[in-house]
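Two complexes follow with chain A in common, the first pairing it with chain B and the second with chain C.
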Partner chain A sequence: MKYALALCLSLAAAPASAGVAEVIDDQIRPNLAQFAEATAALESAAEQDCRAEALRPAYQSAFDAWMGVSHLRFGPMEEGGRALAISFWPDKRGMVGATVARLVAEEDPIARTPEEFGEVSVAGRGLFALERLFYDEALSGYGEDSYSCALARAVTYDLARMARELRAEWEDYAPLMLKAGEAGNDTYLSDKEARQALYTALLSGLEFTADQRLGRPLGTFERPRPERAEARRSGRSLRNVILSLEALEDMAEALADEPIPVTEEAFDTVLAEARDLDDPVFAGMEAPTGRLKVEILQQLTQAVRRAVEGEIGLQLGVTAGFNATDGD
Partner chain B sequence: MQRTTTALVTLAALSGLAAGAATAQDGPDRKAVLTTYADIAEAGYSDSLTKAKELQAKVEALIADPSAEALQAARAAWLEARVPYQQTEVFRFGNPIVDDWEGKVNAWPLDEGLIDYVDTSYGGATDENQYAALNIVANPTFTLSGEEIDATEITPELLSDTLHEADEVEANVATGYHAIEFLLWGQDLNGTEKGAGERPWTDYAAGDDCTNGHCDRRGDYLKAATDLLVSDLDWMAQQWAADGEARSTVMADENAGLTAMLTGMGSLSYGEQAGERMKLGVMLNDPEEEHDCFSDNTYNSHYYDALGVRNVYAGEYVRVDGSVVSGPSLSDLVAAADPQVDAELSAALDHTMAEVGQIKTAAEAGFSYDMMLARGNEAGEALIMDAVDSLVAQTKSIERAVGVLGVERIGFEGSDSLDNPDAVFQ
Partner chain C sequence: MPTRRTFLATLAAAATAPALTWADAGSPHYLAAAREASGAYALFGLTDRGEDLFRIPLPDRGHAAAAHPKAPEAVAFARRPGRFALVIDCVSGRVLHELEAPEGRHFYGHGAFIADGDVMVTPENAFETGEGKLGLWSRREGYARIGEIATHGTGPHDILRMKDDVMVVANGGILTHPDRGREKLNIDSMEPSLVYLTPEGELLEQVVLEPDLHKNSIRHLAQTEDGLVAFAMQWQGDLSDPVPLLGLHRRGQAPVLCQADLGEQLAMKGYAGSVALDATGRLAGITSPRGGRVHLFDLDGGFVESLRRQDVCGLATAPGGMVASDGLGAILGIGAGGVEPRHVAEGRSWDNHMVAVRG
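Presenting the complex of A and B:
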């Protein structure tokens, strides 16, 4: 009996599964570092030259880096609504356009104090506010001495700050996941809870790409909505799908304890299809053949999700928890 | 002999342990817990129906004999009607029959210009919604998605079948509580200053007293929308009655039924209430993001949503007449499986009630919900974000309850992919 009890205890105190540590060390930490560096580079580029044309390359790099971490919708990312402030999309009520236009029209003095810019509505912050400034022809023609120049600097400053804080807070948060189940750890009572948090992020990321990044522009057969594609102004709609799937594949591989051939094949299939698609902002959606291709992409993304559930979910003994986007 | 004795003792010890484990697992019968759940749903929708009928009577009185008092009475009835209804929102995410129906009665946010006149600051059609400023009250005929619509007579059918979600845009909300709310209060033009919508009663007056035009059509619209609300709630109350479909579905499979309960609690707490309804409004500093934005009743809708979650867990609901529906609860069941998880979740739900109670208290004392959303209003932001954090924390405890009951398979309810698992094979 004693032995059995001891065995139970030792099982309960088992160290974090290899998967959790691997995801944190091989993916989360380096990707957060990359995001912090890319946004810092954008901020300093804006210090040098704040004009739209000059900043587009650094903007694209920062957005690329965001796709490596955008699925981590828990813990530090949800703190104070950070994910929304970095990337406010979908924007169902057209708030970004209206908010940026209002800031510019009123020359809201908040742009002169970048350290306080975090007070502004999330629709006037982050990557999507910058997209308006850099790519919307009505706004992007501003010069060095304009209000928009100050606004671009304030938004890039605020974005770099958030990325820096996100990275720093994850350094405090990671030990909670790695030492799940230890005394005093109220966040993760067991290793299973830590695995479940990552697993939920993985499935929610796939869900977001299928339902939002692809589902929103798809609309319905009678009424396709290419104007609803994510980041279409900066030409990134398809690129975001690809980069996010790549990041999620890395995460799946790191999280699994055993080989995951079915999941890998599902990822390979959808990625091959996506890389082949010659429609960067899903503009071809209006034609039935163009629409079909995006629909296939969506179905293949859903197939990845089912593969993950059947393979990794079973392996790890977890099911998805609730996620931040499960409202309506 | 000696050996045998030891073996027997060991066996006895083991069976004692097993018996102990069985006792710990006992708790109430799972069917009884599901019955309490369905009873609370039935009572909640029946109460919502009762209050909607009272609203209907006040609306009819307003249209028959318009006056400031009659408008005020209708508004008061609407506010009362929200109390039981918001407590039923917890039934939504776990039960497809409710989720599929919910959009008819509580769709939000809405582009109110679809229905009636709006201030010039509202703007017109948008990229997202060509019909954002259609103004059905002022236009007996119009074109919708290429089709000529005859709206000379405003009927419940016209609202539900033709105008609701017109052009496949979710913000085209033609029916339900919020359409009625807009018709009773009008736009709230106070921004993040204190104050609700100030629609004059003369918007329903006859002849020359009529303000803002088309008072008869406005009255027809209000009447049609209220009648529709009553019939929709009547239908849902029936679904939870003895042989109703919603009740039978819940009772058909114990694990699935418990999953429905927990999914409803978790999805409403986290993604919907903490996320869409509370955090987003603060982060956007936008009073238009208030759930009950025309009437400034948002603090109550948050409060009663949270109470609904607690009702389901505690197995207890206080009806609008003060009587109580209660029975074996999910809390009893979780406590039998793991008292610690039950204590944690019960405390988390109580903590949330205290947090949303603070918002309600401040709002009723004059610090209105719009003011809390204002840019740089740190006190308001703290009030709301504390409630958000509490809702997020309770969701974590709900996940733990799912674990100890062994009814995993939770999450992603209401997502397109799950609703249509065959999509990939089409």
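Presenting the complex of A and C:
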């Protein structure tokens, strides 16, 4: 029935932004609200008790909420380096560790004025700076009156502010996507461009999970690199893969105008495999069998990408960026 | 597109005044290659607003083009590792010559005219040895191959003619072989360089970046009238490394490397697709289709602004500023004030570069 209805709509030249409106209403707005609430909760928890142990549960919730929006890397998320300020990873050069260590060692007074903390390098802010403070044993033992306590409060304040601003700015940005092609809209010159932006975010999200979240710890067969797994200190590497895939599946379903059985099956397969994997930070990678399981996860994520291209890309008449996917 | 009547009139005029100029081609401001909605490839001549003046079919995906300095003639190059180049009469839309890279050579998609337009120069890969070459072609002999010189580097990509026929060449440093497609064979040992050469092949100057930037492939070029060369780079190292993607160089001096703040720099995804200087002579711009951004810098290397546009790649000097093209068919005015859409060709994907036509 749903199929027949979708077909009628497309024949009747339904507003081409149907999928765009669904993604915005069903995913982007609620998930941004969730992220803003979770980071606000973390901020108020830090005001109550800034110590690492007390803040870990609220931190985990905030990170969970981030996974619902982390793939929206366009528009408001790209203002002022916000995506990286919230989540500075990958970080091969260890810039987060170095920046946090410097702030703590120098007791940089910027932590005493949380409203100005946005001036700190993006590598010293957001979820990964907090991960150091809360989970790095060399740093996490701080007490209520310490500099690190003030720093934890400043970083949570700054994070909650960014999440709040992100949500507010999306209220101004959503109409640009919904009214693509209208006079005076210089951001989206046609419906197709708005669909393309969401489609690109979907594909890039899948690619990020395959190449970075899974690819970095995979390293090579001779040299697996589990120490490069995302958010391994907070024990979230596999959880981030699962939550991100779940968010991307929701997005795919909202974006599509017609049933997407191939895509759904590909998501189901990779998610089943991931939920089955008993290796939260890919530590089992050192053994060949452990590495193989993660490699399978990567291949299944790549299969989702191909399914999305073959099914949703074709439906919507969009492809991955012509120049973005090229290199010359 | 010239009508049959204007075309015949042009031919008649040509009989008495053989030297046609770019005005006879409708004075295109830009040349750009594209993939069309049908999947076919073509080269377009565009007005300053980005509207079509002429369309010339290409046999395969194009890259950039070289415009003759005076005659309304352009050479469209295949994308690497392609081996075709088409010499096109931009008045009639006719292909005047089909050039093929010699045995053992392929083009990189760029070229330039020297010797007052009498010689065309093409960066090439001598792929059995991996040496970079510049092929020399005589226009007055019907684009006969008349020789070649070494670029003193690997993977010569873009080339510009400077004053007194000095040529500046971007040796990208990346070794490829057509048997292995576009696979990069030497990332760990690559050594990109910027070189200044005479038409006789004399190496006047060679610029090499610091060793920790040896994976930064120097790829595309632009210049000011007074000899400042802007070079755009493509990073082959880890994507989490914040590295400069734009350099400014003046002969005899050290290059100035330009970087935005950390967040903006990483958002370029280590990739600059095109580079141009603005008409005011105050700004240099680079595009990143992967980051959906145009970065503008002042000519002292200071970061000015980041502008957003999905899949933006082509960039050229335009009256009052710069103009960009993207994979969604749009031609956009670019300046410190922002992005101003000028024209959209539905279903068309503009390929890598826009070439400003002067003449």
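As a convention for this text, the second predicted complex is superposed on the first by the 305 of 328 C-alpha atoms of A that agree within 3 Å, B and C clash if a C-alpha of one lies under 4 Å from a C-alpha of the other, contacts with A are read in each partner's own complex, and residues count from 1 in each chain.
Everything that follows uses one rule, which is that a residue touches a chain if its C-beta (ideal position, glycine included) is under 8 Å from a C-beta of that chain, and two chains touch if they have at least 3 such contacts.
Being a predicted model, the structure only gives us computed values, none of them experimental.
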### Message
What does the overlay on chain A give for chain B and chain C, a clash or a fit?
### Response
clash
### Task
With the two complexes superposed on chain A, say which partner A:S244 touches: chain B (first), chain C (second), both, or neither.
neither
#### Entry: First (chain B), second (chain C), both or neither touched by A:F322
both
### Of chain C and chain B, partner touching more chain A residues
B
### Task
Check the residue A:R223 against both partner chains and state whether it touches chain B (first), chain C (second), both, or neither.
first
### Message
Per the contact definition in the header, classify A:T209: touching chain B only (first), chain C only (second), both, or neither.
### Response
neither
### Task
Applying the touch criterion given at the start, work out whether A:T200 contacts chain B, chain C, both or neither, answering first, second, both or neither.
both
### Message
Once the two complexes are overlaid on A, one stretch of chain B runs into chain C. Is it 4-12, 58-66, 94-102 or 130-138?
### Response
94-102
### Summary
Where chain B and chain C land on the same part of chain A: residues 78, 80-81, 84-85, 92-93, 121-123, 189, 192-193, 196, 200, 321-324, 326-328
### Summary
The chain A residues in contact with chain B across the complex are 1, 78, 80-81, 84-85, 92-95, 119-123, 189, 192-193, 196, 200, 203, 207, 210-211, 215, 219-220, 222-223, 227-228, 298-300, 302-303, 305-306, 318-328
### Query
Which part of chain B faces chain A closely enough to touch in the complex?
10, 13, 93, 109, 126-128, 145, 167-168, 170-171, 266-267, 269-273, 275-277, 279-280, 282-286, 288, 375-376, 385, 392, 395, 398-400, 403, 408-417, 423-424, 426
### Query
Which of the residues in chain C end up touching chain A in this complex?
35, 63, 79-80, 109, 182, 234, 238-241, 261-264, 266-267, 271, 273, 289-290, 292, 308, 310-313, 326-328, 330, 338-341, 344, 346, 349-352
### Query
Residues of chain A touching chain C in their complex?
74, 78, 80-85, 89-93, 121-123, 186-187, 189-190, 192-193, 196-197, 200, 321-324, 326-328
